[in-house]
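Inspection log for the structure reproduced underneath, given as structure tokens.
By written order: A, B, C, D and E. Residues from 1 in each chain.
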Amino acid sequence: MVKKRQNVSIAAYIAILPMALTVLLAYLGTMLWTARVSVSSSRTFPASDFVGASQYVRLFNNERWLLSLQNVAVYGVLFIALCLIIGFLLAVFIDQKVMAEGALRTVFLYPYAMSFVATGLIWQWILNPELGIQEVLHKLGWAGAKFDWIVDQDMAIYTIVIATVWQASGLVMALMLSGLRGVDEEIWKAARIDGIPRWRVYGSIVLPMLGPSVSTAFVLLFVMVVKVFDAVVAMTQGGPGTASEVPAKFIMDYLFGRANIGLASAASIVLLLTVLAIVAPLYFVRNRRAAMGA
Amino acid sequence: MGQVVKLDKTEAAATAAPHPAAANDASIPAPRPRRKPSWTPARIGVYGFLIVAALFFLLPLYVMLVTSVKPMEEIRLGTLFALPRHFTLEPWAQAWSSACTGLECNGIKGGFWNSVAIVVPSTILSIAIGAVNGYALSFWRPRGAGFLFAILMMGAFIPVQVMIYPLVRVLASVNLFSSLPGIIIIHTIFGMPVMTLLFRNYYAALPLELFKAARIDGGGFWRIFLQLMLPMSTPVIVVAVIMQVTGIWNDFLLGLVFAGSEHLPMTVQLNNIINTTTGERLYNVNMAATILTSVVPLALYFISGRWFVRGIASGAVKG
Amino acid sequence: MSNVAIRNLQIKLGENKVIESLNLDVKAGEFVVLLGPSGCGKSTLLHSIAGLIDTSAGQIEIGGKDMTWADPKDRGIALVFQSYALYPTMNVEANMSFGLRINGTPKAEIARRVSRASDMLQLGPLLKRKPANLSGGQRQRVAIGRAIVREADVMLFDEPLSNLDAKLRTELRRELKQLHKQLGATMIYVTHDQVEAMTLAQRMAVMKGGVVQQFDTPDVIYNTPANLFVATFLGSPGMNLFKGELEQQGGRVLFKNEHLSVDVTGYPFQAPLTGKHACVLGVRPEDIDVGHGDGVGQAVRASVSLIEAMGAHRVVWLDFHGTQIAGIVQDQQLIETEKEISFSIRSYRISLFDGASEQRL
Amino acid sequence: MSNVAIRNLQIKLGENKVIESLNLDVKAGEFVVLLGPSGCGKSTLLHSIAGLIDTSAGQIEIGGKDMTWADPKDRGIALVFQSYALYPTMNVEANMSFGLRINGTPKAEIARRVSRASDMLQLGPLLKRKPANLSGGQRQRVAIGRAIVREADVMLFDEPLSNLDAKLRTELRRELKQLHKQLGATMIYVTHDQVEAMTLAQRMAVMKGGVVQQFDTPDVIYNTPANLFVATFLGSPGMNLFKGELEQQGGRVLFKNEHLSVDVTGYPFQAPLTGKHACVLGVRPEDIDVGHGDGVGQAVRASVSLIEAMGAHRVVWLDFHGTQIAGIVQDQQLIETEKEISFSIRSYRISLFDGASEQRL
Amino acid sequence: QAPLKATVIHWWTSGGESAAVKQFAEAYNKAGGQWIDQAVAGADQSRATTINRIVGGNAPTAAQFNTSKQFRDFVEQGLLNNVDDVAIAGKWDQIMPPSILQAIKINGHFYAAPVDIHMPAWFFYSKAAYKKAGIANEPQTWEEFLTQLAKLKAAGVVPLAFGGQVWQEKITFDAIFAMVGGADLYLKVYRDRDQKAVMSPQFKQVLVEFKKLKGFVDAGSPGRNWNDATAMVVQGKAGVQIMGDWAKGEFAAAKQVAGKDFGCYPGFGPKAPYIVAGDAFVFPKTNDANAVKAQKLLANVVTSPAAQVAFAARKGAIPIRGDVDESQLDICAKLGLSIMKDKSRQLPNTEMLATPDTTGALQDVLTSYWNKNQSADDAQKAFARAIKGE
């Protein structure tokens, strides 16, 4: 009977037309196409037959795939947590009206600008026990020093974390900085009157106010986690053995080198569903809270 | 843009108060009592942290730089951190203008203008669309937009490579494959999820009252966006520009597939130089080429800071 | 010129039902003041008239048309936000002219209106400043300026003068009144300042908890409040109250309690009285005669607990058997605290309320 | 208990010299009200006392110590912001208690103070709400609450009651006075409400353009304003002014202009007069006797241009040869607009100002 | 008449490779064509580009693939033109090694023009390191090789320069397999996918021997690029590297000369098998007569003896045909070319025998085995499963 909502301008609908087209043609279309391919026997080219869930069966019998999922879970938790923490800290420290702010910001951001093909190699060298830090420590006379994670089955994935955090935390810093700068100065003044130490202000007042920036950063990092590929290829090639294999590399291997897009598609779909299973509850909770609170 | 800069200045001057260190930046000739000694332990701590962090961040760059000015014989020695014994700029020259990338041996400079031609429109278009989407989602919420956005965000998690094949077909069907507009559209498509999210969340943090006031003033969708929201978006636009310029500038895969051979970006050349599988590798040239390629985004990072404006919405609402 | 009619309006914010069922009929060209305690829903009401809040039920009619779901810009309204909501990236001038530029008003006309508003609001030297560089009162004036340049049919003001000094406020009050005459616009005006309310309002609506308690001319509301709430809410200090009973004693009606007995025979009861009646007697401070029985009421004695000098007059607080009674003294007579003094009630100026329903008798 | 002493304070904001050279000496435990037109630098002054704005020159002493460059938290102050500046992500309770929790106040004590403040401010049912879900007045009360729970030595209030309804305002005024007594804190209080100023202030500082014009008790300021600005700024409506000349006629002193002649022989001149003197005569509306010469001054006639009913009294605006004169009428006599009426000036209540320097004679 | 334009996608991007491909381009241009170069680094990337260009309707005239089963799917989809005319006229059947023919000739049609032959399992050793360890000659048997490695180790050099990446592990394994298991077992396993052969004790022995090498690599090997490993040999820090003949490029870049500063041998003893791999051009389908002409001209030019030897000399490979002027080639290549004359020693590499998918699965098995504490038995079983194509 009553309209539930006030008129939304036609312009708003026109404005989101590009998004609608993109979503329908590019994203929804691709997702459906991928789902279709994943139930076919496609190799180099998409086939139109139907083989049921056999690609999925093969996928879940594949040790490397399972290992990839496991690796990416460990990697993801560490990577996201560290990037958020370091990015936030960098933003906070840079926000202290320091000298040479521009230079520092560039220093923290530059890794983001560089192709991982090259910087990954540098990391590989730096972390290599025969060339890099361990070797330097040995030469400095600390013979017992050991830092050989990159060649260690159990630790290799952490080297990927180090290098990718190095690469991405600058971006998180920029994101946080843009949020920080938006905080009204009056809030700062109120906190100073209240005698709240700066770090507490950041922790208890500013950080909660940065909610939207944090959630942007989180999603961004999450996407990076799911797509992590370059770093692994450049640094460890998934090794030693399969110790640092990740899903994106698995997908890429099957997509190109191994010419089996059926399996690659199945893996993509599984990956997507996994992400959905993780994100949907978060999204739901946030919406609920938004509806109840703000 | 000039207007924004001006705003930056007045902001800095007007809001100096909460930051103790800023006490001395207004230039007043008369001797002024110092607010505090500049080098408090807290201050030293701040610089200490920043310097340590900066050293960590710079370590790989140092290795890249020294590698890029060493001859290959020295690099083969495996003394990663040592300064070059025979300093040479030859690799840089080679990277820029004579390294081979297949038949052509013109270094990476060849694709520079192609890259520019791709980056500029792609960045502008993707940010424009992302900003409009975010704005619509935050303030207008047209029916169904939330659902579209959810799918868009899901799409962000599909590996780009998986999407290439179907997109090639789509673009080919509208005759945009292998063309400049084609690659621009592709970058816009791939940039859309994150750009939309970025702006949507940014706008969510702005006081809703401003939007309401503009509605009362009779502002329509575009007016409010262009005249009110965009000027308030400078910090997030900076972030968006950083992300898009970096992403698009560094992309070679999409450029390779969609741009067509006349528009190949310089990263395709860079990739050809550094990413050989079975050919011999000139690490010094690789490093020089990598650094050279990243100069444009780096310059952008350096100059973008002034648009990280402080307190962009201050004075807007009371309470 | 548009009327504003609100019928059975219901508004929810989050879980709160802020407005339950509100009716208000503002005639075209009328100047109506909304008055009510903090948090009673005044701003919410204005926002819903402006179309900024979705109504849960009910109807809003503006200029004879149902505008319940119309777009804000189609309602022909202007609104001064309580929180100002200035455009932070625009300077004062741009803030004021934004709406006009949008609806394509000719440049010269914009300049004329802005300069008139800035003269009126004394914003002249600040036109090129951004809101962040203004004082609180200056921001508020910009907010007013932004609304009045629009010269809309219906103008909504949400406590527009609260942060201005008394002098400026008096001036602006007069200017707004003039503006109202000149534009013939319908104005709905929220204020907590009773002088403002009294001087501006053609009619005044007193709200409480989302419900309009009384809607009438200021005089009527001040002198014959419809219920106890209105009686105590208006006036500064508010009405003095005495609990007691009404007794009919052979044609005469007496208000009586332990300490007081007032003859209220002449009181214009709205319904005939029957028998005894629990009741509250209200009398305004200015109708308490302090220092001398004036011959109308019966003089009783109380001790002075506090004297507030208000410049033009003094408020004397009397301790009358434990209840504080305020009286206003205009003359220069000597009154000292902690001394006893006599006072009397001008019984022809009292109000009587039902003890249970709190409605006016 | 701390005194606050400000010497030669100079403050620049951006390019503006907001405060030029300000001196103010507030005694320990005193309640001082700051009054001044919008944009005169009151908030700036409070912020600089609180240490939120850097001074360009001058000195600020709190509790006997030079605090010009001390950190806000070391100054022992509390401040209610004009713009509230609530922590948007914390609920009302957390907003109030945050500072206490940080400085390690025991839990029980925090609970006690918060509950006392929330009772006083009637915030009880809102304790779990976020600022965004409060009305304007409710937010303002939270801002007050956040300051008073700190029970600081020096409390700074920047128009703390401006968005509250009259009733609540009266109550809170009284509560604040009580709090002042109880804590013995020094309070500096900005307000535009003259009733508030008059009732709260032990001393009152009237500011204009960053300079203190007069600093004295409310009574003194109201009755013997130091200059023309103070005279017109206080009072509602402000003092009526007549330009003219002072003439000495054999031992008597007369104020004269075209239309008026007032005998001011009894006026307590601060310096002896010599010869003719361009001068301004000021008289408060309540000292204008409308309708009947009261035998003190000479009755003259003017036409009534506007009558404002204020409930307890009426303000009558008279057109006296082109100047608007306000008079206050307390009684019920019949006055009609556009009619002629006589009025007189109570000459023993006037103020005289130098015509050039505008200082009190 | 306008020159026949030929757009060629390939992944030859390094200095040496560029010089090589230039020989083809010049030869083609001289023959009346116009070579349009489209280098895309990285084999996978390059092939993906080809696929996308074909799908997008912008197919190149020719595209590089490995001489392998990689382009089988293209043929099945009918996306390639054959070059039967050229092959028959050029008598490819006679002049080319059978393993290569097997890869390019599908259903009786020639679908690719092979351009070079790589031997992916050469043994390169540092003469300086050998001297230091007191080793005089190249090993004649597997056992001797192991002894030499031990000697190297004792002398304080890294015995085996090894890059711990899956494809390098696979190359090394295949070399050992061919050498230790013999050509028959190799073919039974890879070509015939004979489960019995896989489960045989001989095959298990291959696995065991392979793993023995682990004792001779340094701690830094995992993830190392092949050329970093080569650098170790160049420096004399390491003794031997098992790598494709392209590694000669690195030696050349370090100004080392084969036979003087470093040595090369393709296996142990005079009858050691010689694994054959290589590159080929395929020709995407087109109906444009000119384009077809260009494809034929290109196929003809790149297989011609002069172009072949010029290309191979710079690429570090050997020509696909024996009837060429050897003088341009280095001694390793000359050695290779002479071995190729003995057809019995030729052994196709895995890519020619199995689909990329299967090859990949085998790589996964081997890398697990090499890097983890896995028993040879388990590895054998996993290998068997992988080769069955599960």
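Criterion: a contact is a pair of C-beta atoms (placed from the backbone, for glycine too) under 8 Å apart; a residue touches a chain by one contact, two chains touch by 3 or more.
For each chain, UniProt lists the protein as follows: A, B = ABC transporter permease subunit; C, D = ATP-binding cassette domain-containing protein.
What you see is a predicted model; the values in this text were computed from it and never measured.
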Seminar exercise, completed: Note: chains that touch subunit B and subunit E both are A
For this session: Starting from the Cα centroid of subunit D, hunt down the chain whose centroid lies farthest away.
Result: E
Problem set entry | Chain-chain pair with the highest tally of contacting C-beta pairs | A-B
For this session: Provide the C-alpha centroid distance between subunit C and subunit D, rounded to the nearest whole angstrom.
Result: 22
Exercise. Between subunit B and subunit D, what is the separation of their C-alpha centroids in Å?
Worked result: 54
Exercise. Counting in whole Å, what is the centre-to-centre distance of subunit B and subunit C, each centre being its mean C-alpha position?
Worked result: 55
For this session: Please report how many Å separate the Cα centroid of subunit C from that of subunit E, as a whole number.
Result: 93
For this session: At least two other chains touched by the same residue of subunit A: list those residues.
Result: 9, 121, 130-131, 184, 186, 189, 192, 209, 211, 252, 255-256, 293
Seminar exercise, completed: Within subunit B, the set of residues that touch 2 or more other chains is 10, 14-15, 17-18, 78, 161, 165, 220, 271, 274-275, 311-314, 318-319
Exercise. Taking each residue of subunit D in turn, which ones touch at least two of the other chains?
Worked result: 13-14, 47, 52, 71, 82-83, 86, 133, 136
Problem set entry | Of subunit D, residues touching subunit C in the complex | 13-14, 16, 35-39, 41, 43-44, 82-83, 133-138, 141, 158-159, 162-170, 192-195, 198-199, 218-219, 222, 232-238, 284-286, 308-313, 328, 330
Problem set entry | Contact footprint of subunit A on subunit B as seen in their complex | 15, 17-19, 21-22, 42, 46-47, 49-50, 53-54, 56-61, 63-64, 67, 78, 80-81, 129, 132-133, 135-137, 140-145, 148-163, 165-167, 170, 188-189, 192-194, 196-198, 201-202, 204-205, 220-222, 235-236, 238-239, 242-243, 246, 249-250, 267, 270-271, 274-275, 283, 286-287, 289-291, 293-294, 297-298, 301-303, 305-306, 308-314
For this session: Mind listing the subunit E positions that touch subunit B in their complex?
Result: 7, 10-19, 21-22, 25, 35-43, 45, 48-49, 51-53, 55-58, 118, 225-227, 231, 234-235, 237, 244, 246, 249-250, 252-254
Seminar exercise, completed: Seen from subunit D, its contact residues with subunit B in the complex are 12-14, 47, 52-54, 56-57, 68-69, 71, 82-84, 86, 131, 136, 139-140
Problem set entry | Contacting residues of subunit A [partner subunit D, same complex] | 184, 186-187, 189-197, 200, 204-205, 208-209, 211, 293-294
